[in-house]
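Look for subunit A in each of the two complexes below; its partner is subunit B in the first and subunit C in the second.
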Partner chain A sequence: MDSIFDFIKGFINGKTRKVVAGIWLDEKALVGAARTAKNMGIDKLEAISPYPMHEIDDALGIPRSIIPYVTIVTGLIGCAFGIWLTVWTSAYDWPLVIGGKPLNSLAAFVPIIFECTILFAALSSVAAMIYKCGLPKVDPPIIDPDLTCHKFALFVPEDSKSYDEAKLELLFKDLGAVEVKKAEF
Partner chain B sequence: MAEEKLAKPGKLVISKNLKITYSVCMFLGVLTFGLTLAKDPERAWHAYLNGFFYFVTLAVGGMFFTSLQHITKAGWSVNVRRITESFTAFLPMAAFLGVILLIGAPHLYEWLHPDIVAKDVLLSHKQSYLNQGFFWFRMFVFFTGWIVFSKIMVGRSLKQDETGDVSLTTKNVGLSIGCLMFFVFSFSLFSVDTIMSLQAHWFSTIFGVYAFSGMFQASMAVAVLLTLYLIEKGYVKGLMTIDHVHDFAKFMFAFTIFWAYIAFSQYLLIWYANLPEESFYYIMRTTEPWLYVSLFLIIFKFIVPFFALLPRWAKRTPGHLKVVCYLILVAQFVDIFWMIYPAFNESKIIFGLPEILIFAGFMGAFLYTTFRFLSKNSLVPLKDPRSEESDHHHVVY
Partner chain C sequence: MIKREPLVLGNKSLKDVTEDICEVVERPPGKAFLAALFSAKMLFIFYIIVWGCIVAKGIGLMGINSPVGWGTAIITFVFWIGIGHAGTLISAVLFLFRQKWRTSIARTAEAMTVFAVMTAGVFPLLHTGRPWLAYWLLPYPNQRGPLWVNFRSPLLWDVFAVSTYATVSIVFWYIGMVPDLATIRDRAKNKIRKTVYGALSLGWRGTATQWNHFEMVYMLLAGLATPLVLSVHSIVSFDFAVANLPGWHTTIFPPYFVAGAIFSGFGMVVTLMVIIREVLPKFKSYITMNHMENMNKIIMTTGLLVGYAYGSEFFVAWYSGSEYEVYAFTNRAFGPYWWSYWTMITCNVFIPQLFWFKKIRTSIPAMFVISIFVNIGMWFERFVIVVTSLHRDFLPSSWGMFKFTFFDLGVIFGSFGMFFFLFLLYTRVFPAISIAEVKPVLGVGRKDETHG
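This part shows the complex of A and B:
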């Protein structure tokens, strides 16, 4: 039984990466350190904090999410699909006069077109979000259990260009990390 | 006691140009109204109703938005609350202009003529609601209610600037509940009484919501323009930021969609059921020449603002945002024009200098009351307990 669970866990957790993580005890210090590290050219820099921090997106240099673009593109596809579906079914494939209205009655089709737009846009946004977040990741390795309580971490994964354990450890210490860990995430 | 703010708002000094602008607007409005009244009273009253309804909705929109912020205990909007509060300063003047409207009402509403009503079965059945006495009474109740609610609500906010009493904020929550309940009925019936009853045979149960959607969209556009004006003049450094504007713009964007949704809902059911007593309203608006006005509304009140406000940068770029706001305000004018004018001129669009100038007169009055309120009071609530939240308002998305 255990092996099956391990298999499923491995499957939904995906691959874990080696990381070098610096731990800070103060929000402001972390944001400052993140900004400095970003300016020094460290890429794929990430942070974990117990609560959302306003400035961290900017400090880490995280670009805007692609999800809005996915939404508009699939929304427009859904809209086109809705137009095709309603027009083709009610005016071409099986023409039926309903309520004495013309076969192509745009007003009657609008609710369906609208719903198709929303359906496509919403479902694909959720899918894009799951993909971008690397979900489902139900049981990732823990860098430090106190990161959900009072500690803040910056870390660099091994696929980063600037991944160099010794250098990063030195850098994080320089930036005021109270502790530097080699962990997996 | 709430702490004093670190940054102080400047005192608004109304520039000479602005003073001249609204004085000239008011003067031209009154003059044109007088001249048109002598020449063609029908035309003068139609234009009067158009301008009156437009700016009453903006003023009531300010009251609605302010009470919405109190009721939700919103923190972000504290620093920009004075903006929507300032719209309500127009209400006393609107009440006065409403009295004038009652004088001209017989030119507008056929149900005020007993001889027409006597000959008309439908109108005589509707007489228990649509009659002069009850109409005057309703107008009195609406304006009294709006003025009383907004005076108390804004008065408490102004009092807090001096005393910093936190209980004023909590008291406003209860008041806002009453205010919103009153607003729902009063605004809905106000739009039915003044606009829908122009074609008294026609009815639409969604009409109040339709008027409301346009109202919210337009009042947010004015709020954006006013906030940007104050930011550009440098009166509110560090207090009102582009983040506040962004949130106003989001409301405007949301209600652009809401307007389209409601407008379409109204149209779809009437089109589908195809009942003669309902469909004539849309038949006269979907045949030439009014068809073009209807198309204008679909394109410039929904499609263009929708795509123009969709990206994030669009809501944070003052130059771009201003153009969209002006477009929405023009479209709101056309919308009210579209609701009023076909009732009297089915086959002709009457639009010219008198319509523009009478509208400008109302605009002058609205600008006068709004800027007077803003110059007399602090531009930003000073000792609100939630000020801190608004000072550091930051919109991530």
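This part shows the complex of A and C:
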């Protein structure tokens, strides 16, 4: 039973990588360390924090999320779907005169078209976020349980060009990490 | 210089925030909670039985009859949908306006939205009389032609609006909760708990890239939910306003309904927050008097807005020169249902104005009582709109009265059982305050300004 469960988990979660992670206790110290390490040319540097930190995107050079483009495109698709659904069913597929109103009562279809737009845009944006964040996973390995509570981390995965356990440990300690951990992530 | 009030009291550290909020989910419940849950559950069971009778025998068990064909079910549907609006207003609109005080109440307000919309959804479905055919409301290719739904009907717009609203609110609520579910997962000691929250949190690990996308989606959803919430109650008001009936056929309905919805929703949020503060004393540091005062100010303002709407309806009825329109409104205030009209005016227009006094605005017992009056008033507002407009038809020969039966009262009170049962379960299973959103605002108004 347990092995089946682990198999499914492994299947959903995918492969893990080895990482070297430094742990900080303060947001500002972490952002400073991230900036320095990035300037030193550390490749594939990533941070973990219990809440969103605003300077970190700039420090790590994370580009603006592309999700708004998904939202506008799927919103327009939803709008087009709403127009097609209402006009085609009311005026073409089975035209029925109801209450003496025109078959294509576009003004009366606006609420439906609007709701379709919102529904498509919202659900697709969330789907895009789940995809871009590498979710969903079932209970994947974590570096430290306190990283969702009060600690902050910087880590470098093994597929990075600058991956050298000893050097990274030294660097993180230099930058003020209270602890350096090697983990599967 | 005007000082900012601290949003979180008691110089909490990041770790304290996590502990305080997760504790509720992690410890066994207290006696007060179990008593409340048990009462809500009994009421919920009673509610199911009442609806069971109505579905089995027919909706005639309720007081509806010609000419009042829409009664308790529609009144209470609009009532609950309206309550839902405050949650989206707090979580989406105040988010877009960068109102940081929203953070500690947004999660619970959103949960209220989700459960209020669920409670509301039951009413129109069962009021159809044959709920097993409710799927006919959806436009799907069928073997009857295909015979499509009538997209010109406001009742069908309602189906789309309410179901879209329910879906988007649930998604917004859930996505906002993902990082906090990950916090609970990381604190879990036993394997089942770890796996359940591990799955619920979708494997969230809080990397900077994840936060980057998360924040963007949160903002986009807030931007989408804002016009959505305004559209939903506008469309609910079209159910009435599109009909050619004096008392219903008015252009003021959409903004008037939205203002009323925000008014009643904030009333319910205040009621719930007072209860939460009493049952979970630790939350008093997060849901501070400042929060309660802000919400009371919104109740006071929206109370004035609905008061203006009531007045303007009378003015327009007189100005229209239509004798049926004038009669419909005179009949509301001075006809056989005068008591419902004046209950509405007293509860919605006069009583919330007590919040002009700071003493009342910051007194927990006073705001609790007033918030309940607001909800009584808002239920009567819908009663006035539905029943007084219908009961006197154009021809006096078809006039009639609407009388409550046991089943009407059963579904009104029973629906609170459903709502509170779901709500109480939620406070035990999910983090009732957004942990990841409170942490960045810990420093607001604090002397040392260490965070944020």
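Simple rule for what comes next: the second predicted complex is superposed on the first by the 165 of 185 C-alpha atoms of A that agree within 3 Å, B and C clash if a C-alpha of one lies under 4 Å from a C-alpha of the other, contacts with A are read in each partner's own complex, and residues count from 1 in each chain.
Here, contacts are C-beta pairs under 8 Å (C-beta built on N, C-alpha and C of every residue); 3 or more make two chains touch, one makes a residue touch a chain.
Remember, predicted model here, so these are calculated numbers, not experimental data.
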Quick one: subunit B and subunit C on subunit A, clash or fit?
-> clash
First (subunit B), second (subunit C), both or neither: which does A:V73 touch?
-> neither
Subunit A residues in contact: does subunit B have more, or subunit C?
-> C
Touching partner for A:V178 - first (subunit B), second (subunit C), both, neither = neither
Touch check for A:L106: first (subunit B), second (subunit C), both, or neither?
-> neither
Could you say whether A:D57 touches subunit B, subunit C, both of them, or neither, answering first, second, both or neither?
-> both
Tell me which partner A:P140 touches in the superposition: subunit B (first), subunit C (second), both or neither.
-> second
Of the listed stretches 134-142, 170-178, 260-268 or 296-304, mark the one in subunit C with C-alpha atoms clashing against subunit B.
-> 296-304
Do subunit B and subunit C touch any of the same residues on subunit A, and if so, which?
-> 57, 64, 68, 99, 108, 111
Residue set of subunit B touching subunit A in the complex reads 264, 267-268, 271-272, 274, 310, 312, 394, 396
Complex interface listing, subunit A residues touching subunit C = 13, 27, 46-53, 56-57, 60, 62, 64-65, 67-68, 71, 85-86, 89-90, 93-94, 96, 98-99, 101, 105, 108-109, 111-112, 114-116, 118-119, 121-123, 125-126, 128-130, 132-140, 142, 145-150, 185
Provide the residue numbers of subunit C that touch subunit A in the complex, in ascending order.
-> 13-15, 18, 139, 145-152, 156-157, 160-161, 164, 167-168, 171-172, 175, 179, 182-183, 185-187, 194-195, 198-199, 202-217, 220-221, 224-225, 227-228, 231, 235, 238, 435-437, 439-440, 451
Sort out for me which residues of subunit A touch subunit B in the complex.
-> 54, 57, 64, 68, 72, 99-100, 107-108, 110-111
